[in-house]
Every structure is written in structure tokens, then in C-alpha cells.
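Beneath this line is the structure, given in C-alpha cells, with notes to follow.
Chain lettering (A, B, C and D) follows the sequence in which the chains are written, and residue indices restart at 1 in each chain.
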Amino acid sequence: MERHAYAKAGEYTLADLMTVAAGREVMDNEVVFAGTGMPMIAIMLAQKTHAPNLKLIFEAGTFDGRPIVTPTSVGDPRCEGGASRASGLCEAFAIAQRGYVDLGFLGGSEVDEYGNVNTTVIGDYLNPDLRLTGSGGDPDINSFARRTVFIMVHEARRFTRNVSYITSPGWRVKKWPSGEWVHRRELYGRAFRGGPSAVISTAGVFRFDDVTGRMYLDSYHPGKTPEEIRGLCQFDLDVSRTSGETAPPTYEELHIIHEVLDREEIFLPKPRKV
Amino acid sequence: MERHAYAKAGEYTLADLMTVAAGREVMDNEVVFAGTGMPMIAIMLAQKTHAPNLKLIFEAGTFDGRPIVTPTSVGDPRCEGGASRASGLCEAFAIAQRGYVDLGFLGGSEVDEYGNVNTTVIGDYLNPDLRLTGSGGDPDINSFARRTVFIMVHEARRFTRNVSYITSPGWRVKKWPSGEWVHRRELYGRAFRGGPSAVISTAGVFRFDDVTGRMYLDSYHPGKTPEEIRGLCQFDLDVSRTSGETAPPTYEELHIIHEVLDREEIFLPKPRKV
Amino acid sequence: MSSKSKRITLKEAAEIIRDGTLLTFSGFTIWRRPCALVLELIRQKRRNLHLVEVNGGPHSEFLIGAGCVDVWESCWIGHELYGKYGANLSRKVKNKEIICEDYSHAEMGFRFLAAASGMPFLPTQTSLGTDIHNPEYDMLGRAGLRNGKNPKIARKKYETMQDPFFGDGEHVLVPAARVDVAVLSVQQVGEEGTVRIGGQFFTDPEICRAADTTIVVAEEIVPEETLRREPRLNDIPGFQVDHIVECAYGAHPTGMFGHYDVDGDFIRNFYMQTRTQEGFDEFAREWIFGTDHDAYLSKLGVARLLNLQANRALNFSTRVKRGHK
Amino acid sequence: MSSKSKRITLKEAAEIIRDGTLLTFSGFTIWRRPCALVLELIRQKRRNLHLVEVNGGPHSEFLIGAGCVDVWESCWIGHELYGKYGANLSRKVKNKEIICEDYSHAEMGFRFLAAASGMPFLPTQTSLGTDIHNPEYDMLGRAGLRNGKNPKIARKKYETMQDPFFGDGEHVLVPAARVDVAVLSVQQVGEEGTVRIGGQFFTDPEICRAADTTIVVAEEIVPEETLRREPRLNDIPGFQVDHIVECAYGAHPTGMFGHYDVDGDFIRNFYMQTRTQEGFDEFAREWIFGTDHDAYLSKLGVARLLNLQANRALNFSTRVKRGHK
């Protein structure tokens, strides 16, 4: 079994593919700010494959870490393993604001057509149906990084027409005090560095139009079709410019995920047929 | 020779007396921000006598230090001895601004009748006769501490009518942009915490009037008279409310200064007749 | 040193924190939270607390579920891997029993940094364009609490201004997080209050300086001179600490770097059980009321605590089960 | 790790710093200043430097005396116990060869903290009522340098504003100290750039982040993994460092905690000799030009260096003579 050969259908789960596809978004030597959960596995996979020199930062205060055991939280002692420095939160956000961060790697929850994310409330903020966790560092990472990649399990309700509350800024954002919608570039002015660059789900890889900031389908995972994926979004997903099927995981990547990074099956269940 | 008995004339120098008198200004348990030079000896003397629980801070970044060897600079490795924490400058000034500092202990250079100090320039700032060191942390310590004590060798040119440049703020200060002189309390408003409380020289101990902020002679050192001291000031020193002679050093204090703190005679030469 | 001792008991520490206190905590999400002291506050029936935190966690949920909290000012609450969100906060926000004021994570960090440094605000360009900055969503303002009656509460949620120096454009000013009391849960504190934290210090130094009163709960109180041999390894100087408490497992069920891992089962059970108020009250009857910290630990039992014990070479537990396998 | 090596020579490091650079340095007064690199800059006849420093010292005087500096922006310059003030700066300010911009010490620290944090300014209430805030004494402004031509130079020396949140009154905003290059002299740096400083770090982490390019000169370059075993002991993460140089006695004649004390004789002689330009030029002929760092150290000689050597248990020298006895 050739390590670098692509695995076949049934030998991997869609969650595996999502993780691998997300990892591919990282370029070697980048400074990456990763959020809790799925992003951790994807980043550590990248670190162990094509991006060994990436500099991993967790907002709780670890800088350029090389964990030997996968953390499950950005504040986990496991994050400190092999780090260049461990300190605290103010430093992490200060250096992000200073411009050191190339890539933000976040778990998504509810995203809209322009990459706005809502992790604060379902329903009206002043009369919520359900109060969620709140922003955490997502808006900050998203504001400060040169680009941001989201990883999320695909459900129709998570790809929503208009988030009811913008927790994390996408490509069309609100200008206060009027609340009018403007392009991010216009609002941010000299503070503009970039924005959401990709959403990786268990259905496909989505990107954002350079000019309008609207999300479009780039690649669809094996076993999915563009039309099917369009049906799994509450907004009118542009499927006119797909680049084909997402490349599956290789055997080496699967081995790293399941035998090295997540042996405990914290984030990713092992595929049934392996 | 009783340790706590006062030494006699000739058994101590005026510099010894100045150091001891300055040390008496410190109260136990106070948080004290000390500057380089004479202040260090005076503070460490206080620490070894009546104020063992004082918390000594040096602006380069040592907190609550108990040096075993006298430092000669606030950035000296010797400052770190026995410290509760060693870090850096921003933290030291941040906690001073936050209000932790009870007492500033500074070397003075040129002081005026209202406690303004000049360490920046002799002559006109825009056309200086002599550019001096610059402010260092004096204005900061002076702004942030609840009171400040100055220690300086007495020369008439150092007790000047009006400093040509206010480096460190006294009791009458300049309100910008007009430059009009106002009482410190008025300019500082809610930022007001206190100000210069004493100047200790090799001639006497000077304090500042509670209301006007004008300097007056409190005690004169043995061998000096109030009139003599008035002649050693370029402004019209108020000598109408003196409390008598400054108490001399005790034998214990002299021992600590010369045999413990400054054996190397860095700051204080040994008295000839001891 | 003949200074008065700073040592008090957990019970005395809780008594210092009165009703209505602006209160904050050490740690980060499910790490190094002063849970033992929080449970004692609940026993003492503390009310009207105004929590201002960089982020929340199980400790916040304990206080909120117990009805101790009127206002929660932060950016996040949840249990990480062990519970998706703060169900008790969610329920009470929905029922309008708690005011919830949202800032972003960096904003909360910078707010504490400002307060720690005697500055009334810090400028930032984070979160531009989000609803966090929506002027309609100044919840303390809507509740009439920004009227200056409590001088520590800012008169505005935000201010905006143009950068006057470099033309960098509009900045948001975030007000200092001025709090009454900071409660820390750490590994070591000296008799005089010097704090040495193991692992990430998160925002502990900042919250300590931001607060008027600081209480440090430590796994162990050590002789000061052992800490003063290496001043660069200490995180908070003693003069910033007012009271110290020695309390083993002071952070359980949250984790303590180098000592014990997160008790995921405990937090998961708490999360599942307390999605209703009845469930919370049941949890409280079992784990909070009519008991104390020592009895709580005995109830957990030796086997459970040993399972959580951190491997000293790694600083986390190699025994604890985190996933499905 | 297969990353490109960051190692360069002292000479290459100096070549990176071009004429007109906004430049800053590690250390504090007579401690941990990158003097070896500074002398190399002088050999390479660097010109028009704009020094922005938290405070100055012998290293500043070297550059100033050699005619390398056009602007000096700081709060203090001198040699502590070994020389009362910066005689070279004083001479050149009087002759109007150098622009001298005064801020207070805390203001300079906060300016670097702002730049290090991506903030355009920080608010403070220090130095109110002093001539430091005199609007007539904005020296860069008077020289026409605040016109935006160099985007790193603030358009104003100060701004003032009322605190909008707590009624704390008028605050002074100090502009971020945005610099091109930071040069550090430290004890240890890893192959990948991780910096571990012994003793006080002064403002080294802030200046590093404030600058666009960071050069670290270290007494020793060590394997990264030795530093990464204890991440809490490292002061600057490697990705913030661009170039590293191994250079023994890189800070002489200033001191290096744990390695060597201040060479007070050298500094005192420098101070006394260079009160005139002729004296400086003579000093430069002897110690700077036509020589290099290795020859400089040989000239100092073994006995002198051993006398300065720090006692490892104390981190300072017990042999060096500081006073009159």
C-alpha cells in the first residue's frame, strides 16, 4: 500500500477528508492561529506532512508549539509541548493585531454567503431563542489574520442566508452606527488585511469571490454532486465554477490522523472499513 | 558604644546624615520606587532598620527586591537579589500608573521652590547651554507615586529660583497649551495622588507647604544654621517654621552604611575619624 | 519578615466577596478556575454578582445556575469538549434573569490590560463590522447601569476615534475592566503572596492588577525564599496579593497544569444535568450544599483523582480518557 | 526542521541596517546593549540614523560621536555611575547637528508597547505639567519631519483627550514607536530564533515586536530543543526574529547578566575622553576603526575580561571594583 496513494471510497470518512482538505490550505512557514477542535487536528496534520515549519499559535498563550499529544482546547497543557514560548492571552492578541498572523484556522458553526459567522445567538439578540457560546476569539482572529479558513460539519442550517447576528466578520459587514452593509475592504480601510478565504465542510470546499466576497463551491467531495451541495445551503450557492472533486486523503494522512494524532478518537471516529 | 545612640560630630559625614534622614522618610510596608544612586543606599538602609517590609521596585523591572549586594543602577543584576518578581519596564510603569506606588525616592539635581526638578537642559531648551541626561523615569515616578522624596548634595545652584525646564513636576506646574502656572492639584484633577513631600540635602530637610506648595526648611543639620541654608538657595527660602536640628545617624546606621551597604565606598566615603 | 500573615481559609475568602461585587477569575475556559471558592460562594448564598471575565467556563455556570449572578460581561462560555455551550447562562438570558454584555475575546483581554495599567481604555481595530459593535446591543446601557452610580462601570460600551498619528483610520476604544475582586487558582504562592504559575498564565497577572482586592487560592503555600531564588520564574509579585488560601484541588473539575487534568466526566455530567433549573438544583443538592471542599473530594474518591493526576514530566494526565477509545 | 538558517555574521547584520534607519536597541542604560554591532555600524560608516530608544547609553554615544545619528528620540542618556551625562549628544545638540526629541521614560515604554501591539497610541497621565509636554518643544515637528513622508513617524508628538468612560479627565496619547530595526544583545538564542534572556528583560520583547526586522546578537546560539523544553522560560518566540549572530562579549562595555559585568573603567575613560569631538575621534581610531570585534577583545585582554566575569551563582562579578575601595 503506497503511502502517498489516495485512499479509496469507504477507506476514509467525510470527516477525514474535511480534515485533510483543511490541512492543505496551510502553507509551510506560515504563522497560524488555530481555534479549538477540528482545526487542531487539521493543523497538526499539516505540521506533520507538507508544512513542518508552520508556526502554531493558540490564543491562550502558546507560540510556535509542537504538541506531542493532541490538545483538546487552546488552553490545554498539551499545547505547550515544544513551544518556542508560553505566556498569555494579551500577548497572543497583541501580536495578531501587530500583523504577525498569516492564517486563522477556525471551527465554524453558522456561516452565511459572505463568510459571516454567528456563534452568539439563535434568533433575535434582544430576545434570543438560544444563547450560544459567544464569540471567543473568532472575530479577533478573523479581523487580524491575512486569511481565515473555517472547518465545519455540513448541515443545511449551518449554511444560512443571513446570520441573525454577526459574531465574526466576513466579506460584507455592517457599518455602525447605521448598520448598512458594506464591503469589508471599505469598512476596514487601512486595517484591511484579508478575510475568510475558504470553508471546508464534510460536503466540499468553498471559497469566496475576490471582488464580491460571495461564497462559491470550489470542489465537491467524492460521492457528492454540486447540485446536492447547493441543496444543502439555505442561500443560492454558486456552483458554476467548480474545479472538480476534492482529492481524497492519502494513506499516510489517514495513518497520521488515526494512529498518531487522534488515537483516542476524540475528534474523528475511525473509518469502519479500515 | 550603644548601637542606637546618636553619633557625635566628626563621626559621620553630612552625606551619611543625608542618607539617614532620607531613610527616615520611608514607612514600613510601603511600596517604594527608587531611582539610581543615593536613593538606593537610603532605601536599603531603611530596609535594614525600621522598614524591613518595604517593597522595593526599580523601574527597569524588579519588584520587591532584597539585594544582598548594593546595586549601582536600577538595571543592575544586583537588583534582582531576592526579588518577588523580575521582568521589565512596561510592567513597572504600568503598576505605578495603576496606583500601587506609595513613595518615589529620587536623586535630585536642580530643584525650585515648588519642587519642580530639571534634569534635561541648562539654559534655553531650544538653544541649550548644556544638554543634561534627560528625564529618565523621574517625571513618571513623581506623577504616579503618592509622595516623592528627593536626595541631593546641597549646592546653591541646585536650589534655583525657577527651573528653566520642568522635567519632573512639583506643586506649581504648567498648563498647556498656554503654559500658565497652576497648582498641581488643579491640573491633575482626578489623577492627583500627591507630589513632592521632602527634599533631603547635605544641609537640611525641606518640606512643602500643604496649601501653597512652597518649600520651607524643616530641620537643619548639626553645624548648619537656618540663615546659612537660606543663603545656599537662590530663592527666598522660608526658614520661619523649622523644627530644630536633624537627628544625627546612630552608630548602628553608620555601621550598616559603611560596613554592609557601601563597603566599596561607591556612594559614600567613610568618615575620616571613624 | 514580621508582616501579618496573609493566610485565610476558603470560607473566609468567600466572605470577603460581598453581594454585588464586580468579580473576575484566573484561568481560561476549563483550566485553572477557582471552583472550590466559587462553590463556597454559592454555599454562602452570594447574590447580585457582576462577573467580568476574559472568558467563562464551568465556574461561571455554577454561579449562574445557583442564582448568584445578575450580570455576565465576557465573550464566551462553555465547556469545550465536555459541553457545547453555557446552558445555564442561556436559560437565564432567555428568561431575562441575567444581563449578558458581549465583547470579543481580544477586547476583553485588552480591557483587563488597560485596567491593569491604570489606563481608562485601549484602542483596537478588532471585530469591525460585527454585531458586537452594534450600538443597539449595549446591554448594560439599555439596563441603565452606565449612569456612573458604580464608578467602575464605564459610561459607554465603546467609543470610536480616528487615529491622529498615522492615519490608520477608525479605532474602537474598549473601556478598562475595573473590578473589585480577582480570585485566582494557581499552583504555588509564597507566604508573602508571590505567585508562581505553571504553564500558560492566560490573563492572571492582568486581572490581579485590574482588581482592587486579590485572593489567591493555591495548591500549595510555599516558603517565600524558595520562590525568590528565581525571580524571573514568578508571575505576580507578593505586594499585589491580599489574601492566600492553601487548597488542594482548588480548581476541580477544571484542570491544573502539572497537577491534575480536567475532569471531563464531571463537567459533561454537569452540562447534561443542568440544562434545566431543576437539574441544576439537583446537582447543587448533591455537590454544593450541605457539604464542603474536603467532603467533595472524598466523594470524588481516590481512584478518580489518581486518574486525573498529571504526569510530572508532561504536565497533563496520561491516564485520563478523553475520546471514545 | 529544514528551514533556512537565520545565522549571519556581525558584519552582515550591520549591512542590513541602511542609512536613515529608524533603529532601536535591547537593554537598559549600561546593560545588555549590542555594542559590538554598533561599533560595526560605525566602521561601515552608517549615516542619518534615527534612534528611537526607551533610554540611551554608551552605545548611543558611540553612534552619536561617530556622526551616524541625525535624530535621537528618547528620555535619557548617560553612563550611570561611570559618566554623568551623554557628552557627545550634548555637544551635537548644542551645535544643532542632532535633533533631540524628549519623552518621559514611561512614555517611551508605552510607545513601544503600543507599537508592539499594533496600536497607534496608548493613553497615559504621566508627566502632566512638565515641559516635556510643551507644544513648543515638538522638535521633530519643528524640523518638518512630521509631514507623513516617513509613515512611521507620527504626525504629532502628542494628542490629548478626555477619558470618555470614567471621567478620569485629560489624558495624553503617546504615539506608537514604529521602528524599522531592533537589535538585541542577549544571552541565548536558538537556531530558529527563540530568545531566552537572563535577568530583567527590560523592554526587549516590546522593541522586537515594534520593529519590522529583528536582529539578535547572542553570547551563544543553542539548539532550539534545549530552549523548547521549558517554553515558559523563553522571552521572544523564534518567528519574531529574522537574523541571529553568535558573538561573545557582544555587549561589552555594557554588562550581560550572568556573563560579565559592566566595564566601568572602559566607560569612564570613554566618557572623560570624548567630551570633545577630537577626543571621540581619537577614541574611535584606537577602538573602532581598523579593527574588528575579535581584535577589540584581544586588546582588552584576558585579565580584564576575567575580572568582569559574572559569578554564576550571583549573576554579577564579585571581582570588579566599583567604588573607591
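Everything below uses one rule, namely that a residue touches a chain if its C-beta (ideal position, glycine included) is under 8 Å from a C-beta of that chain, and two chains touch if they have at least 3 such contacts.
These figures come from a predicted structure and were not determined experimentally.
Inter-chain centre distance (chain B to chain C, centres taken as mean C-alpha positions): 41 Å. Our note on geometry: chain A versus chain B, Cα centroid distance of 58 Å, whole angstroms. Work out the mean CA point of chain A and of chain C, and you get 28 Å between them. Within chain D, the positions touching two or more other chains are listed as 118-119, 124-125, 167-168, 199, 232.
Touching of two or more other chains is recorded for residues 62, 80, 86-87, 96-97, 144 of chain B.
Because contacts link the chains in a way that matches no line, ring, star or complete pattern, their graph is best described as other. Contact between chains, using the touch rule, shows up for A-C, A-D, B-C, B-D, C-D. Taken together, the chain B residues at the contact with chain D in this complex read 36-37, 59-62, 69, 72-81, 86-90, 93, 96-97, 120, 125-126, 128-140, 143-144, 165-169, 173-177, 179, 182, 184, 187-191, 262-267, 269-270.
Of all residues in chain D, only 118-125, 148, 151-152, 154-156, 159, 161, 163-168, 171, 173, 175-176, 178, 198-199, 232-233 touch chain C in the complex they form. By the touch criterion given at the top, residues 1-3, 115-119, 190, 192-194, 209, 224-225, 227-228, 231-232, 234-240 of chain C touch chain B in their complex.
Interface of chain D with chain B (complex): residues 27-31, 54-56, 74-78, 80-81, 84-86, 89-90, 93-94, 100, 102, 104-107, 109-110, 112-113, 124-137, 167-170, 199-206, 255, 257-258, 262, 310, 314-316, 321-325.
Residues of chain A touching chain D in their complex: 29, 31, 52-53, 55, 62-66, 80, 82-87, 94-100, 144.
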